[in-house]
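The chains carry the letters A, B and C, assigned in the order they are written, with residues numbered from 1 in each.
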Amino acid sequence: MLNAFYHLLIRDLRLALRNRHELANPLIFFVLVVSLFPLAVTPTAEALQSMAPGVIWVSALLAVLLSLDRLFKQDYDDGSLDQLMLSPNPLMILVFAKVIAHWLLTGLPLVIVAPLLGMFMSLPADAVSVLVYSLLLGTPVLSLIGAIGVSLTVAVNRGGVLLSLIVLPLYIPVLIFGANAVDVAADGLSVKGQLTFLAAMLALAASLAPLATAVALRITASR
Amino acid sequence: MWNWIQRFSSPKHFYGMSAMIIPWFAISALLIGVYGLYLGLFVAPTDYQQGESYRIIFVHVPAAWMSLFIYMVMATSAAIGLIWQIRLADMVAAASAPIGASFAFLALVTGSLWGKPMWGAYWVWDARLTSELILLFLYFGYMALQSAIDDQRSADKASGLLAIVGVVNIPIIHYSVEWWNTLHQGATVAKLDKPSMHIDMLIPLLLMAVAFKLFYGAVVLVRTRNEALYRDRNRRWVRELIEKL
Amino acid sequence: MLEIQSLECVRDDRLLFSDLSFTLAESEVLQIEGANGCGKTSLLRIICGLRLAEAGKVKWCGESIWANREDFYANMVYIGHLPCIKGDLTVLENVRALLDTRSLSVTDHVIETALTKVGLESYDDVPGKALSSGQRRRILLAFVELAKAKLWVLDEPLTALDVQGVQLMESMILEHKQAGGSVIFTTHHGMQLDCEMRTIELGSFTHAGQRD
């Protein structure tokens, strides 16, 4: 079972890396959207700093949302999803492998680029490190919850907007705590509570989301 | 026992039974609702802080309670339909969603109207209104997913799963929004908490809550009947019904 | 081995077939025939557990496939209409990926032997996207060959195959039957199989009456 998990993870990573140009899209989107905000307002340091946590977090959320499609669409279209569902290994485990691959390819780059965006938005250094931690904990949750949404809409034509409608309300707790952590860090206050909550959400999502995703796939991908 | 459940939950049987129950729900909803409104609008004392404008809570609060209650009912029915393959449960879930969404919308509108005299603005990001708004989005997601999937059974199961995921998330969302709101509290927000409510205000509130539940009962039965007719339109019992007309 | 009891299938509110029952023992080959749209693919997908039947049961070795899922899937392989081949992986990697989901690990040499058998001898390192659809189907044949499955469920296995490909498929089925395996397949083209074969005509299971 672990072998199948590992090999599926490697397969997805390998497939993505052979199409490297596609990988950059969510990342570019992230940077682009954040860059729009200073252009839309008077870019004083105070103004940017006060909106930075929200702007960066919402942009990260949207970037992950845009990239969710790649999780199952190709497999559904070429029939590989059928083979995954016919594996003697639990579908939940295989789904987990795919979600981890997805996060490594889309969430982790966002985390790495975040300090640059912190600088764009005049965030102080303490806040930038908290930004990185909060995104590190939060983006996997976004991938996990997003997987549930994608599996429910995989068979729907042009299900992109439907996916957003389903998934965004579920993202709100992560957004609230993630953005707030950065906000209070900029004021020098403790962020232990917020980060603990994000970690708890990650634990909950990691244990339940793959199961829900597997169930959803068996419902919707039956063609 | 299982056979009894299967027989009892056949859409055909339900269709016949519900015809008898609906008038009871409807009439009692009307009577209790009218009495509750009368007590609330005319008899209950004036609030010393807010004057007369607080009276909108007699619609706002029960509507909010109903939106949550109906979501629970919807998720539970969907779970029953998903686990035990009882089609009637799927129909009840699908029928309930627009009703719950309407109550959520009503709660938002009445909350907004209450906000104007109370806070001076039609919309404030208060914890309860924000949670209510998110609940409305959850309803929209459910209804959108139901209508996006062509195969009825897959649609029911998929949206049922979404409802269950939503139920798990509702406490988390609620808690997060509460927490977020306490960070951004303004000066004073007058909240009508139940323990500190005068009994003369509490009674109409509870009466309205009961009336709304009965109203929901009547409407969901009517809508479920329609669902049953539509989904089984190619089956014998529906065709026989049509021929009798 | 495989037992189908009173299977009923509905698609888009149309009753495709009902009260379909049959068994499939070892070394048996079963062909499902029927016109377009009569439910052949749906039947096969129901047998695999990829789709739910409206009524009826599918049993493997006496137990429902849901109770017995791991065992059933370990002993069964399914090929559908879609090619399942990733364009960005090489032929070898594709076969390996398909086998990995079944937790079967084999050496490269074994895969190469299978590829030779299906006529893709020097194509190990060729990326999937460079192959024709017929060649992609042959990759699937190599997968089936290596999948160590007792039951083969093949939906239109002759799709896109040329004359040699068809002969290859036929000989693979024969070999599998002789080795004790069973095959259930659908096809539009007639398959000339030099062996005993049962046929089920799906159209005869549609009831003209109304559902209750």
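We adopt the following convention: a contact is a pair of C-beta atoms (placed from the backbone, for glycine too) under 8 Å apart; a residue touches a chain by one contact, two chains touch by 3 or more.
Since we're looking at a predicted model, the values are computed, not measured.
Greatest Cα centroid separation from subunit A: this falls to C. Chain nearest the geometric middle of the protein is A, using mean C-alpha positions. The centroid of the Cα atoms in subunit B and the matching centroid in subunit C are 47 Å apart. Rounded to whole angstrom, the centroid-to-centroid distance between subunit A and subunit C, based on C-alpha atoms, equals 37 Å.
Here the spacing of subunit A and subunit B, counted between their Cα centres, is 32 Å. In subunit A, the residues that reach two or more other chains under the touch definition are 222. With touch defined as above, residues shared between interfaces to two or more other chains in subunit C number as follows: 52.
Annotation for subunit B: no residues touch 2 or more other chains.
The touching residues of subunit C, counted against subunit B in their complex, run 11-13, 52, 210-212. Of all the residues in subunit A, the ones that touch subunit C in their complex are 1, 3-4, 7-8, 11, 14-15, 18-19, 74, 77-80, 82-89, 94, 221-223. Within the complex, the subunit B residues that touch subunit A are 134, 137-138, 140-141, 144-145, 148-149, 154, 157-158, 161-162, 164-166, 168-169, 172-173, 175-177, 179-180, 183. Contacts from subunit B toward subunit C in the complex involve residues 150-153, 234-237, 239.
Chain contact summary for the complex, subunit C toward subunit A: residues 45, 48-52, 69-71, 73-74, 76-78, 80-86, 88-89, 93, 96-98, 100-103, 105.
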